[in-house]
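Structures incoming, each one as structure tokens.
Each of the next two complexes has subunit A plus one other chain: subunit B in the first, subunit C in the second.
Presenting the complex of A and B:
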């Protein structure tokens, strides 16, 4: 089901463009010419179209050569922008990516995971995007390309700027998510809390990447929490306190959670979210650290 | 009745299963007129909660290629004024005439309809309609002090809503323990997977409607009245319905609007409601606030009961959520007061939603019973046994058949009630574990039903009745009933339902279809049997007294065996007999009887609560039900599984939020209105006692379905209390209700 069928408005003389380039240069050239709604799996765009938010031009990136799939090299793991969540679940990846895989299994339903892409999840910039915390915990970077300025790479935490807001310019396209090799030795875990077992918007979620040294002390720690602030947040104070600790000595304090600012909503109060985040951090760290 | 039947009670798979699983079953919106394509229609709904429409700006529509017509109150009397829709031969969801005038009573009211060549153009045009309003003060908030408060006398069944007996105050004085607490239940929506849809096709002054309705006969009569045509000229077809749960029970304005629009444009019109439309177009369960007082002596015997329900109604719909009706009936108590009041608000209309009254009412009553047991230091099951009665407390009549004590015993045994510990004391790893239970009950209803039984020359039996299978398994149940009466297998029976031209039957509501058709099928089979015997005698045969068996293409009676093709004269293709019953049970004007008819049950739930997050899981639920004879063990069990799943949703997830400022529902989609997913449902243990109630009908079935979510939410809430020591008196129970006070 392709979203543009819905807008069968030829009779109504609505100017609707739908571009589906097969290489990056064509895509970037197209983006120079007009404002496009970039679309991959369409799992966020399509419901919005049903609500009547019909853009006048779509750019489908799923046919662009080299935009899907996971490759290694140059000190990074490169996850192509159009890689689906199912691709990630099925890929053979080091234990550092276990948390990302666990999150991939919680993005919507299996059908959504088959269509939805990693870059789509980031560009949609929902506070409850399940993909963001594990990528923050992997210290992910976002690779962005434009015809005018070539390629730039920036940290994921800089890429997402707010609710539904990113730094992406109108002529830019996300081409890949890059994971530095520094993360490779770590182990990871992802925790999600919702008011039902599956197919649920997260009330709170946490990802942790942990590396233990030979003595069983934490040598590397990255922890990120989602759905508890406009943009998912790393917890630097917690990460710093974890270094040198054994797993059995791990404690998470409310001070560690200071980057979070959860709101009250119908799914749970802000107080509850903070409580839950505290416990989730602990569980994620312990599970990630456990061999 | 052959109690050793090879057909009745057997877990026979749905006879329509293949059609449904292969997509061959056609639902309302799947149908097309015999000739041509239908025009597509999209509703224009009010965006204000109160006021009047001062005009429509349609300028953007005129240039849209494919736009056909905009219909509204400005078109004059498209629909005949309906004054008392519930008094006549039909029941409507709302007591007003669509498009009658410029008044707006709630957000989402249908104020116009766009008809276009394609759905896409219709959608675009509906969005392009600019409505000018003059708004007036709206009463939206439940507690609005200026809202009119009414105390309605009767529920739509004719049951009294204000009940008083004995002296509650005196009963309170006698008591050693009193529980007085207020319980609330949220707005809930039905959310059937198939949205409501109507295809209206006129041929002169004859109208055919393919409608997603739970009642084709009611639909026919309502539309005929509104369109000012003879009901004989209206035919409603609803062979398959994708769930209803009450929102397709009474006929709602959209059906009438589609019929009126089709007449106005002189072409067939197809109107399919969107999911969002469904939230304001065909009812919901209103929010309830229930104050329950239970008083008991030292032995746990109830000395006083009071159940005061406050709810609301819209300005144009008279639904009352009858929460206290169960309370007036269930436990032995001489001093009782049950009241219901409704506030009149600028909100969309309520309507019955699976177990109206019983489901929210038993959440309050059965939670209060649990609280009382706790205060008395008594086992909750024992407390219910102490107050058990063989007399219907409303009218002093004996029950036709009541085996509730067995339900308690079996349920307690199956869930392992003996494992239950004091509140907050049962821990398993990081989990708190608890057990809870509640009584379930549901009235036995029966409505007049007629049937047509036919034998054709192949020896195939046909049964026809204007009832409908809303997913419950009625096709299969009817085949089984007829097969049973003629000693054959259900494959030899063709079932015709879902067509208002068939002999009339009731709408699918109140879990009453099986009991209603049972009496009619029995009589129809008797009539056909008599006709066939007379025919055999005419042919010179002497059939014995043995029951007439029709199997393998032949009629047999004792040693006699005659091929159907010989029995049926060559100048006709079939022999037809009609039969039925005009009896009503459970509603006003019912049969005079010294018995009361009710189904009973006991629901037990085990919950596990993560101590750190307050996540509530339901690893096991046990339901034991006394619902009379079960006709099909498989479809009956499916009904019970569905109802208990509803119970989990009601207890832990389901809630529609309304914005008190604008009167809009905030989460009108399945993405934001949570119902349980498969992963939330674990072990369900369902048992039906299967004790026939032949006082109710010749098949002994009392009907079932709704009873399985009655008490289910209370059982879960009581289990949550048992696990944590925290009493939550509102639904749904949220994760953050528990966290602060959880025993760590």
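Presenting the complex of A and C:
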């Protein structure tokens, strides 16, 4: 028997594996052979499992060449899957990414931001993932690779399908998050409500990307809310109503929030979350639009 | 415990000493430090990434040892509180924690110091608000926060003075 302090059971029947490939091809080949828990920072692996139920097979993707870092080209900004939140906070990026940076500064703590990665946040598919609303507001796509089928790219809104549920197949790996250049002219902001200022799971959060025309009217608007539905949602009716409006005329109604279905839990009631979302939408839009 | 076929060999440097260790791949860096290497200065508070008591440096970056698989640290350079100062000659930050009464029970202190050491090398602003954000991943249940901020500020200012001298 192992002492109590270990996070796993000493079950010799378990077929343990820990693979650490240094290139993508090897990683994708490994994924063909068995089910792995892909791990980079690991910050969501332990909290997500009950004591004694850690996965038995890990695929360490932190040694894969070219999986981290932010690059421009091909009409997109490419954020490598293993890019950490600290990398994002410190990267020189256009104002369109300010909301993503604000969110990055609120993912857990600096210790977690130093380890946790952008793709890990998406694959973990928590309704309270801080990275998801700003990436939805940036109209992000997810790049996925497999040995059998090559590369596919799909919208983030298609990628996350439910609470801890994505479209990722067992033989697939997320390789990058892609932001189309169309989002680059926008400005953005992120609002997070928790029970304290830092190191807290979001009760409600909102990201907005806004572009004003020369007359100060909203020409492009994307607003996304997290922690208020199984998967963070954009608010299409609100976005449509914003077009052509000046910032001082922006109103957010309860009807605009109809895609949301917040639950009552230990962190807050559904009613409270809706109230917060309504106020956050307004704040995020006004802050994103302010020059 | 006898080595099994499931053991994974890793090499890592801890506070300047190289270790080659066979581990169960599910072992956390925190358990490896405390239970295998007997480096118990790194504390297990929540074991869940919510308190910061287990903060250590891996390749110069502060991380939570409770959320880090030891296997991810193969080839890494790890620094723990045992690698900071000695009882005879404390690190200036350790002196500052004592001078400013930056603790009561002391359980969070090694994590606070490891976090502050890293924060002093990170691009933070000079004001208390920046220090508070930089240190926000380390919970102190005794509530020594103002004293911790004062201790970090003292070291930051003296380092700044040293650079300007």
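Methods note: the second predicted complex is superposed on the first by the 273 of 291 C-alpha atoms of A that agree within 3 Å, B and C clash if a C-alpha of one lies under 4 Å from a C-alpha of the other, contacts with A are read in each partner's own complex, and residues count from 1 in each chain.
Keep this in mind: contacts are C-beta pairs under 8 Å (C-beta built on N, C-alpha and C of every residue); 3 or more make two chains touch, one makes a residue touch a chain.
Values in this document were obtained by computation on a predicted structure and should not be read as measured data.
Participant: Let me test your reading of the model: by the given contact rule, A:34 touches which partner, first (subunit B), second (subunit C), both or neither?
Facilitator: Neither partner.
Participant: Applying the document's definition of touch, where does A:72 land relative to subunit B and subunit C: first, second, both, or neither?
Facilitator: Neither subunit B nor subunit C is touched by A:72.
Participant: A:149 contacts which: subunit B (first), subunit C (second), both, neither?
Facilitator: Touch partners of A:149: none, neither subunit B nor subunit C.
Participant: Return first, second, both or neither, reflecting whether A:164 touches subunit B, subunit C, both chains, or no partner chain.
Facilitator: Neither subunit B nor subunit C is touched by A:164.
Participant: Looking only at subunit A, is it subunit B or subunit C that touches more of its residues?
Facilitator: C
Participant: Looking at A:269 after the superposition, I want to know if it touches subunit B, subunit C, both of them or none. Which is it: first, second, both, neither?
Facilitator: Only subunit B; A:269 stays clear of subunit C.
Participant: For A:42, using the defined touch cut-off, is the partner it touches subunit B, subunit C, both, or neither? Pick first, second, both or neither.
Facilitator: In the superposition, A:42 contacts subunit C only.
Participant: Check the residue A:246 against both partner chains and state whether it touches subunit B (first), subunit C (second), both, or neither.
Facilitator: Once the two structures are laid over each other on A, A:246 reaches no partner at all.
Participant: After superposition on the shared chain, which partner residues are touched by A:203: those of subunit B (first), subunit C (second), both, or neither?
Facilitator: Only subunit B; A:203 stays clear of subunit C.
Participant: Hey, what residues of subunit A end up touching subunit B and subunit C alike?
Facilitator: On subunit A, the residues that contact subunit B in one structure and subunit C in the other are 6-8, 12, 47, 197-199.
Participant: Could you please specify the touching residues of subunit C with respect to subunit A in the complex?
Facilitator: That would be residues 1, 4, 6, 8, 24-28, 31, 34-35, 44, 47-50, 52, 55, 61-64, 66-69, 71-72, 74, 115, 118-119, 122-123, 133-134, 136-139 of subunit C.
Participant: For subunit B, which residues count as touching subunit A in their complex?
Facilitator: Listed in rising order, the residues of subunit B that touch subunit A are 64-66, 117-118, 120-121, 124, 127, 612-615, 617, 652-653, 655, 657, 666-667, 671-672, 674, 676-680, 734-736, 739.
Participant: Help me check something: in the complex, which residues belonging to subunit A touch subunit C?
Facilitator: Listed in rising order, the residues of subunit A that touch subunit C are 2-3, 5-8, 12, 14, 16-18, 20, 39, 41-43, 45-47, 54-56, 58, 60, 62, 86, 90, 105, 108-112, 114-115, 197-199.
Participant: Quick one: in the complex, what on subunit A touches subunit B?
Facilitator: The touching residues are 6-9, 11-13, 47, 52, 193, 195-201, 203, 266-269, 271-272, 275-276, 279, 283.
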